[in-house]
Structures are given as C-alpha cells and as structure tokens.
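In what follows, chain A forms one complex with chain B and a second complex with chain C.
This part shows the complex of A and B:
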C-alpha cells in the first residue's frame, strides 16, 4: 500500500512538474499560429522525454550514477567539458527565463515594479529550498502544478470540433520555415536537457535503487504522459480562441486569457497559480540541474540531501547560477525572448546529453539485466536520430524566422 | 597600395550596409507595413479579450492593469516604428492609417490601465477595441489586395 502511495505521489509530481515557461510559450504560440496542427509535435516530444527520463532514472537507480557522471565516463574529459559548457550555458539561460517568468506571474497577481518581483522570486526560491527537504520541494511544485488542469477543463468547456483536434495528432509538414521552427520549438520545449539532468540526480537524492525501477517507469510513462495532456490542452485552448482572432501571444499573461474567458476570475486565478507553481518548480529544477552538472563533472560533493555544510561548493554554485540568472533578467531582456533562445539553443545541446544516456543504458556490462530492452533501444535510437536532425536545423531556423517573428 | 584602398572601400561599403540594416532605414515596404498592421490587429484582439473580462467583472484588476500596460507599451512601440519609417509612395495613405490606429490602441490600453475594475469603462473599451481591430483588418485587406 505504501509503495502504491509513493508511486502515485511520484506520478502526480511528474504531471505537475512537466510544464515550464518554454512549454507555456511555445505551445500557446503554436496553437495561435497553426491551430491544432502541431499537436503531433507535442506528443512526439512527450514520448521522447518519457523514454529518456526512464532511461536516465534507470541508469541512476542501477549504477548510482547521474547523467553528468555518465557523460564524463563515456565521453572523456575533453568532450565532457564541451557538454558541460554547452549545458551550463543553456541551463543558465533557462533559469533566467524561468525566474523572469516567475516575476511576470507575480506581477500579474500583485502588480508592482518588475525588478522588485524578480528579487522577490529569487528570494522565495532560496527560502523554499532552504526550508523544505528534496521530496517536499518536488511535491509542493508538483501538486501546485496540477492547477494547470484548469486548461484541460477550459478545452472541454470550449467544445472545439474534436474531429479537427484529432487530426492535429497526425504528423503534417509544410515548406514554411516558421512552421518548421515551431515544430523544433514545441519538440525541444518538452525535451529540455535540464529535465533529465534533474530527474536522474533527483533519483539519487531520493536514494533510488533497483527496487525503484517500477516507480521510475510509472513516473516516466504515466507522469510525463499526463503532463503531455496538459501541454496539448495549452495548444487546443489557444488554437480555439486565438487562432481565429489572429492573436500573437508574445506575453506570458496572454497564456491565461482563454481560462478567464471560460471561467472568469476564479479560472484566471487558478491558471495563474498553476503557472506560478510550474514555472517556480522549473526555476528550482533548472538551477539545481546547472549545479548538479558542474559538481558531478568536477567530482564535488553534491546533493540537497547533504546540505550546505557537506556540499558547500554545490550550494555556492547553485546560488551563483541563480544570481547570474537574476542579472540576465534585470538587464531588461524580455523573459519570453530569453525562453525562445534557451529552448532553441537547448536543441543544439541535446545530442551531448542524450547520447551518453543511450550508450550506458544499453550497455549490459554496466547495467546487467536492466540494460535497454528492444523497445527502449529502438525508441532511444530513433529519438536520437530526430534530435540530431533538429539540432542541425535549430539555429538556421532561428535565424531564418527572425526568432519566430516570421 | 591600390588593393589596400579598394579593400578599405569594400569594408566601408559593407559597414554602411550593415548600419543601414541595423538602423532599419530605407523605405517601409508593403510587406513590412502589412506585418506591422497585423500586429496591431492582434493587439486589439487581445485588448478586446482583456476588456471583456473587465466589462463582465470576470478578471482580476491587477491582471487587467498589467496586461493593459504591457500591450499598450507594444502598441506605442509599433506606433513609433511606423511613424519613424519612410513609407514607399504607394503605401503612404495606409501608413498614415496604421499610425493613427496604433495611437488609438495605445490610448485605449491607457484607459484600461487606469480603470481596470470599472465595468462600464471596460465595456466601452471592449467595443472600441473591436472597432479598431476592424479598421486594422481593413488596412491589411487593402495592403494585400483583398479589399472589395
């Protein structure tokens, strides 16, 4: 009974923790521009993150090695360093985007100077991490993120043409570079590297071992799967309301407008609170991921469970990354723009993150009987192929579409 | 010596081209103007939705105020961009209409920002936003040749 309860908690945390500012921005913009046509890309990204999260969680549980340990072991110091620099750059950009998003949502709720809310957001994150244990942090933001279910309720309330919605799940391609840019964006937003860095390190923080493999599989498949439903709901509500009106959702506040239309002030508050928890959780996840990577690569003591005294360099680097992110946001760059750049640049770093997981996960001499089976291996390699293609296309598409501006 | 002078000239020409591109100078083309007016139409549509929440007392005033401020800032920015650009002769009239629309939008957002909890004002702004959107769509139709 206790195990079932634990699994349920993990799944709930995964659902609520799936969405971040990248998903909010790209999925809403995708719906506004292409109605339901990009739903297939959301599903593709969701399956991808579930496959690689399961694999990285399994590697961590069996070998007690998180992703960056694996990267250094498989790639050696030189290539590992390239991966570290690339992922740190992307992670800091992501932390900045999430922190800026957090400040925007606080501003929408309480009104006041943006820079003040940036500082409040940063201090809140530091206090929450200082006060709560690792599992508590995960659950707080995971459960809070469930408020995003109000977007599913909005989609149902809007009563779109469900046949048209279903058609969106069938992959379609277009010659338009903007369409291709959004395929990359929606896919990459689901597969941000920090998600697996955090997931695998979190597995070690929570003391997973071989007995946790069932929990890992259910968390990855059901948790991310249901999280994918929330992401699809964002596309649907935006496609239904914004597409016919020609709205271009360039602001985070616009994401909540369809819910206000359906359920008034209560709905709006639930949507903003859900977004607050999702983006807040992602701020912590991405900042932790940056410090996990650095500490694991350099062989420092790491982990929230060790505390600042036993892992001082890990804790200090976490504070430095948060501070750097705050400086980026306070420089005046729009957090939504930072989000777009962080998502697109993350695509370029994806192969460096996912290849070592795939190689180690499939190595029987390392994983024993828990090495990738036929389904995991096939899905893993197919996705790796997709990732490489998108990594090559991402920057040219970013430039050709003027950062998605058309 | 001669090739050095030529090199400097090429470099100067390249620099001028880059500066021109960065500064956004040059004639405002039909396509650029069309994109600008489409952005205004999109802003008006968002404004209509925000104002509808205010009119129905179905929003939070802080949300309405911050959204109005953000969207109003975007409308002002668009107005400045359009006003600064030198239009090509065939789109001069449409450019003038676009600047006027952007100004009206900025004014409506300013009203919404000042009265985010006033339902009567909200209803008025909602109505005007709808009218401004129609005007913007009409300009787009003229620019794309879809006007009757």
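This part shows the complex of A and C:
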C-alpha cells in the first residue's frame, strides 16, 4: 500500500513537472497560428519523451549508468565530447530561457524592473536547492505545476467544437515552411533532452535499482502521458481564443490570458502561479542536467544526495552554469527568442544523446534480462528515425522562417 | 571476465567510472597501459592531461594540448597499477582511498573551492 502511494506521488509530480517554457511558448503560438492542427505533433513529442525517459530510467536503474556515463562508455572520449559540448551549449541556453521566463512571470505577478527579477529568480533557485533535498525539490515543483490544470478547465469551459479538436490529432502536412517549423518546435518542446538527462540522473539520486522498474514505467507512461494533456490544453485554449482574432502571442503574459477570460482574476493568478512552478522547476532541472552531464562524462563526484562538500566541482559547475545563463538573459535578448533557439537547437543535439541510450538499452551485456523488448526496441528505433529527420530539418526551417517570424 | 586474462579488453575497462573503497567517484579510465607479449593491461591511466591523446587527428590533439597543458605524470596524468583494482562490475572498485593514489584531487575536502561554497 505504501509503495503504491509513493509511486502515485511520483506520477503526480511527473505530470506537474511536464511543462516548461518551451511548451508555453511554442504550443501557445501554434494554437494561435494553426488552431488545433498541430495537436498531433504534441502527441508525437509526448510519446517520444515517454519512450526515451523510460529507456534511460531503465538503463540507470539496472546498469547504474545515467545518460553521460552511458555516452562515455558507448561512444568513447572523442565522439562523446562532441555530444557533451553540444548538450552543454543547448542546456545552458535552456537554463537562460527558463530563468528569463521565471523573471517575466515574477514581474507579471509583482511588478518591477526585469533585471531585478532575473537576480531574484537566480537567488531563489540557489536558496531552494540549498535548503531542500533532491526529492523535496522534485515534489515542490511537480505538485505546484499541477496548477496548470486550470488550462484544462479553461478548455472545457470554452466548450470548443470538440469534433474540430479531435481532427487536430490526425497528422496533417502543408507546404508552408512556417507550419513545418512549428511541427518541429512543438515536437521538440515536448522532448527536450535536459529532461531525460535530469530524469536518469534523478534515478541514481533516489537510489533506484531493478525493483524500481515498475515505478519507472508508470512515471514515464502515465506521468508523461497525462502531462501531455496539459500540453494539448495550451494549444486548445490558445487556438480557441487567439486564432479567430488573429492575435500572435509574443510574450508570456499572453499565455495566461485565456484562463483570465474563463475564470477572471483568480484564474489568471492560478495560471501565473502554475507557470511559475513549471518554469522554476525546469530552471533547476536544466541547470542540474548541465552539471550532471559534465561530472558524469569526466568521472567527477556528483549529485545533490552527496552534498556540496562531497561533490564540490559538481556544485561549482552548477553555479557557473546558472551564472552564465543569467548573463545571457541580462544581455537583453528577449527570453521568448532565447526559448525558440534553445528548443530548435535541442532537437539538433538530441540524436547524439538518444542513440547511446538506445544502444545500451538494447544491449544484454549491460542490461541482462531488462534489455529493450520488442515494443521498446521498435518504438525506440522509429523515434530515432523521427528525431534524425527533425534534427536535419530544424536549422533550415529556423533560417527559412526567420525564427518563426514568417 | 578476469583482469588477469591476456588482453582483458580495452572496451570493458577504457572510459569506465572509478570508485575508491568508500564509493567515492574519483575519475574515469582515460587510457590503459599495456605491456608484454601477448599484451596485458598493467595499469589504468587517469587524468585530464590524457584527454588530448583521446582526440582524433594531429591538429585537434595539438590544439587540446595547448588548452590543457602538457601531460605531466603524477599531476594531470596518474598511473593506477592493476593490483590496486579490487573488483570490476558496473564500475571499477579500488582497494584503497582516492587520496592515496592522488585521484579525485579536484574534489578533495581541503581544496579552497569546497571551503568557499555557500551552505557548507
């Protein structure tokens, strides 16, 4: 009974922790531009993150290897270094996007100069990580993120033409490069690599072993699956309200407006608070991911569970990555723009960290009886194909659409 | 697999995580020392000074050496004799403590970095 309760709490945290700044930006814009047409891409990305997270969680639980441990073993130093440099670049850009988003949401809630809130956001993150143990951090932001359910309530309250919404789940293509750019963006926003780097290292932080495999599968399939509903709700509420008006949401405040339309001032506050938890949690996850990767690749001691005294280089690099992200935000680039770049570059770097996990996950000499079965292997390779195609298309589309500007 | 076998293979030891007797992570196997005929692994080589040799191409290696500095044995390149290895499973477990072998000195408790970190 206790374990069921514990697993349920983990799943709830996974649902609440699903969204981050990338989903907020891309899904809202996708709804405004193409109404419900891109819902299928959200589903495609959600299944992708479930497959990848399940596999990396299983590899971590069985062989005790988080992502960049597996990469160093499978790809060696030279090729692994390419994966490390690319992932670190993307992860730091993501930390900047999340930190900037956090500052904007704080500014919307409390009003004041942006750069002040950037510094406050950074200091709050450091204080929270210093005070809470690993599990506490995950739960605080996971449960808080459940406030995003007001977007689901808003979608129901708007009572859109559900037949039209259902049609959005059927894949459709058009010749428009902007449409294709948003297919890549919405997919990539659901499948950000830092989420998996963090998830697999978290499995080690929490001392997972073979007994945790069921928890891992439920977390990935149900937790991320239900998290995908929140991501779909962002598209639906934006499509319902902004698409007919021809509004192009270019700032984070607009994301929460449909909720205000449905539930007034209280709704707006709940939506902003939900966004605060989602983006705050993602700031921590992405910055941890950057340090996990570095420490694992180079063999340093790492982990929140060790404490800063026992893992000083890990802790120090984490502070450096946060500081770099702060400099990027303070340089004056619009955080929404940083978000778009971080999401698009993420999908370019994704195959480098996805392939080694797929190979080790399917290798009985590492995994024994827990190697990929027929379903994980098939899904894993199909998604590898999808990711490679999107990775190749991402940069040309970014350039051709002028960063989604049309 | 037994490390005493001839050619206990590079792909099993190379790049593997090293843990000391307290379970402290203290580096990865950055290169191997092979001796004899048939060649046997006689030592694990560890340290950032060895990174340049792991890169492909002369040009890249030269660049890396310029950034990382030259290989200096006992400092940024350490030799761990195979006798120091206790067991090999999902990581390499050493018999002794990291400090005794000079490993993981970047994470040593007396380092200035550790003392200066907040919340200690």
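Here is the rule we go by: the second predicted complex is superposed on the first by the 406 of 406 C-alpha atoms of A that agree within 3 Å, B and C clash if a C-alpha of one lies under 4 Å from a C-alpha of the other, contacts with A are read in each partner's own complex, and residues count from 1 in each chain.
Methods note: a contact is a pair of C-beta atoms (placed from the backbone, for glycine too) under 8 Å apart; a residue touches a chain by one contact, two chains touch by 3 or more.
These figures come from a predicted structure and were not determined experimentally.
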Open item on the list: What does the overlay on chain A give for chain B and chain C, a clash or a fit?
Closed with: fit
- [ ] Would you check which partner chain A:310 touches, where first means chain B only, second means chain C only, and both and neither mean what they say?
- [x] second
Open item on the list: For A:206 in the superposed arrangement: first (chain B), second (chain C), both or neither?
Closed with: neither
- [ ] Considering only the touch criterion stated at the top, classify A:109 as touching first (chain B), second (chain C), both, or neither.
- [x] first
Open item on the list: Just checking: does A:340 make contact with chain B only, chain C only, both, or neither of them? Give me first, second, both or neither.
Closed with: neither
Open item on the list: On the A-aligned overlay, A:215 touches which partner chain: chain B = first, chain C = second, or both, or neither?
Closed with: neither
TODO: Taking the C-alpha centre of chain A as the vertex, compute the angle to the C-alpha centres of chain B and chain C, in steps of 10 degrees.
DONE: 130
TODO: Considering only touches as defined above, state whether A:302 meets chain B (first), chain C (second), both or neither.
DONE: second
Open item on the list: Under the stated touch criterion, which partner chain does A:78 make contact with: chain B (first), chain C (second), both, or neither?
Closed with: second
- [ ] Would you check which partner chain A:268 touches, where first means chain B only, second means chain C only, and both and neither mean what they say?
- [x] first
TODO: Using the touch definition from the top, say if A:257 reaches chain B (first), chain C (second), both or neither.
DONE: first
Open item on the list: Nearest approach of chain B to chain C by C-alpha atoms in the superposition, in Å, rounded to an integer.
Closed with: 31
- [ ] Starting from the residues of chain A touching chain B, keep only those that also touch chain C in the other complex, and list them.
- [x] none
Task: chain A to chain B touching residues, read off their complex - done: 107-111, 241-242, 245-251, 253-254, 256-257, 260-261, 264-265, 268-269, 272, 406
- [ ] Please name which positions on chain A make contact with chain C in the complex.
- [x] 63-65, 69, 72-73, 76-78, 80-81, 126, 130, 298-302, 308-313, 315-316
Task: List of chain C residues in touch with chain A within their complex - done: 14-18, 24-28, 30, 46, 48, 51, 54-56, 90-91, 104, 106-107, 109, 111, 113-114, 117-120
- [ ] Quick one: which bits of chain B touch chain A in the complex? Just the residue numbers, please.
- [x] 35, 38-39, 41-42, 45-46, 49-50, 52-53, 56-60, 62-63, 65-67, 70-71, 74
